[in-house]
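Should a chain be cited, it is by its letter among A, B and C, assigned in written order, with residues numbered from 1 in that chain.
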Amino acid sequence: MRSDVIQVRTGRRATVHDLTGDCERFVAGESDGLLNVFVPHATAGIAVLETGAGSDEDLLAILDRLLPTDDRWRHRHGSPGHGRDHVLPALLAPHATIPVLGGRIQLGTWQSICLVDTNVDNLEREVRLSFLTG
Amino acid sequence: MRSDVIQVRTGRRATVHDLTGDCERFVAGESDGLLNVFVPHATAGIAVLETGAGSDEDLLAILDRLLPTDDRWRHRHGSPGHGRDHVLPALLAPHATIPVLGGRIQLGTWQSICLVDTNVDNLEREVRLSFLTG
Amino acid sequence: MRSDVIQVRTGRRATVHDLTGDCERFVAGESDGLLNVFVPHATAGIAVLETGAGSDEDLLAILDRLLPTDDRWRHRHGSPGHGRDHVLPALLAPHATIPVLGGRIQLGTWQSICLVDTNVDNLEREVRLSFLTG
């Protein structure tokens, strides 16, 4: 298995960050197998969705409704309401495993692999890419 | 890795479509490894749940509550409220990776592998099945 | 692929049960590859999150809000409101696939692999651990 860590700058706002280009470069030249995308952070997730037509903002808006940034959370470290970021990975898991054929990720036309990070206290994130050939 | 695409007819209504039989046939005769189920569409997900006792309808009903079919969505292509279908894959990921032993998927008695498709504009869907042996 | 089933006692209350130690022991001594964690039950899921600082209780509380324990569910077996447990695995999938390097799971500092079981009718659960080397 080949495995590598990339650095992503997510900044001080909730972010949907497109990782597709990084993933494509990582598996280019490989044969067939599974690409595993994993975020080693407790307040971020991986989502496969369309970007650039409003759905990234739609996702952040609905997460504000489903996991409100208020004082209900027992986890009280960090910015006000930050407890919601720690529940996020239960609903948006920090891992995705996606098929690769001939070095090409088998995404549909409108799919992108994205890091979803609602945490405003961390500016830098790591993402681990692993390729298991078969 | 062996990989194949199957066609699924989902029709003009939100659907929970059971893929278990297709998956079982795909890995029959294989040895041990991981089955990866992947939907190359931006408005559908994979769920592992019990079917036939009401939970498929329960899932579609709660998705109507969590992701309402109204005009809140920035993504505005397709039928009214279709933007919610583009957020769905963030909560119901379009991939699942499940262990196989001796050509048999290690599902529990009440588990089925299902395509969840709330998109009413697409009648036909593809699902990619891949088996990585170990 | 090496695969084994562990038994987990979850008791009569909704539970977030930390499996990290079991997973670490399972892959200790292995080289590089993917760890697959799979629950063969239709009313439980796997989440990767921080435990011990309130987020486990926060998760159970928000699940009570997103999937209420009331009489809305068509699935009517078991305790009152049990139908919500059958929808849970659609939002908290019963599988997770996580990279392992040199026999060590590549979790972040604050991440734990957890079984989430809101079902109060089952006291004992099985979890299947599988390791596919590469």
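By definition in this document, a contact is a pair of C-beta atoms (placed from the backbone, for glycine too) under 8 Å apart; a residue touches a chain by one contact, two chains touch by 3 or more.
Note that the structure is a prediction, hence the values are computed from the model and not measured.
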item: Topology of the chain contact graph, where touching chains are joined (line, ring, star, complete, other); value: complete
item: Same-site or different-site touching of chain B by its copy chain C, using the half cut; value: different
item: Separation of chain B from chain C, taking each centre as the mean of its C-alpha atoms, in whole Å; value: 20
item: Residues of chain B whose C-beta touches two or more other chains; value: 34, 66, 91, 93, 97, 132-133
item: Residues on chain A engaged by chain B in the complex (per definition of touch); value: 32-34, 45, 47-50, 53-55, 57-59, 61-62, 66, 91-93, 96-99, 101, 106-108, 110-111, 116, 132-134
item: Partner chain A, residues of chain B touching it in the complex; value: 1, 3, 34, 36, 38-42, 66-67, 72-77, 83, 86-87, 89-91, 93-95, 97, 126, 128, 130, 132-133
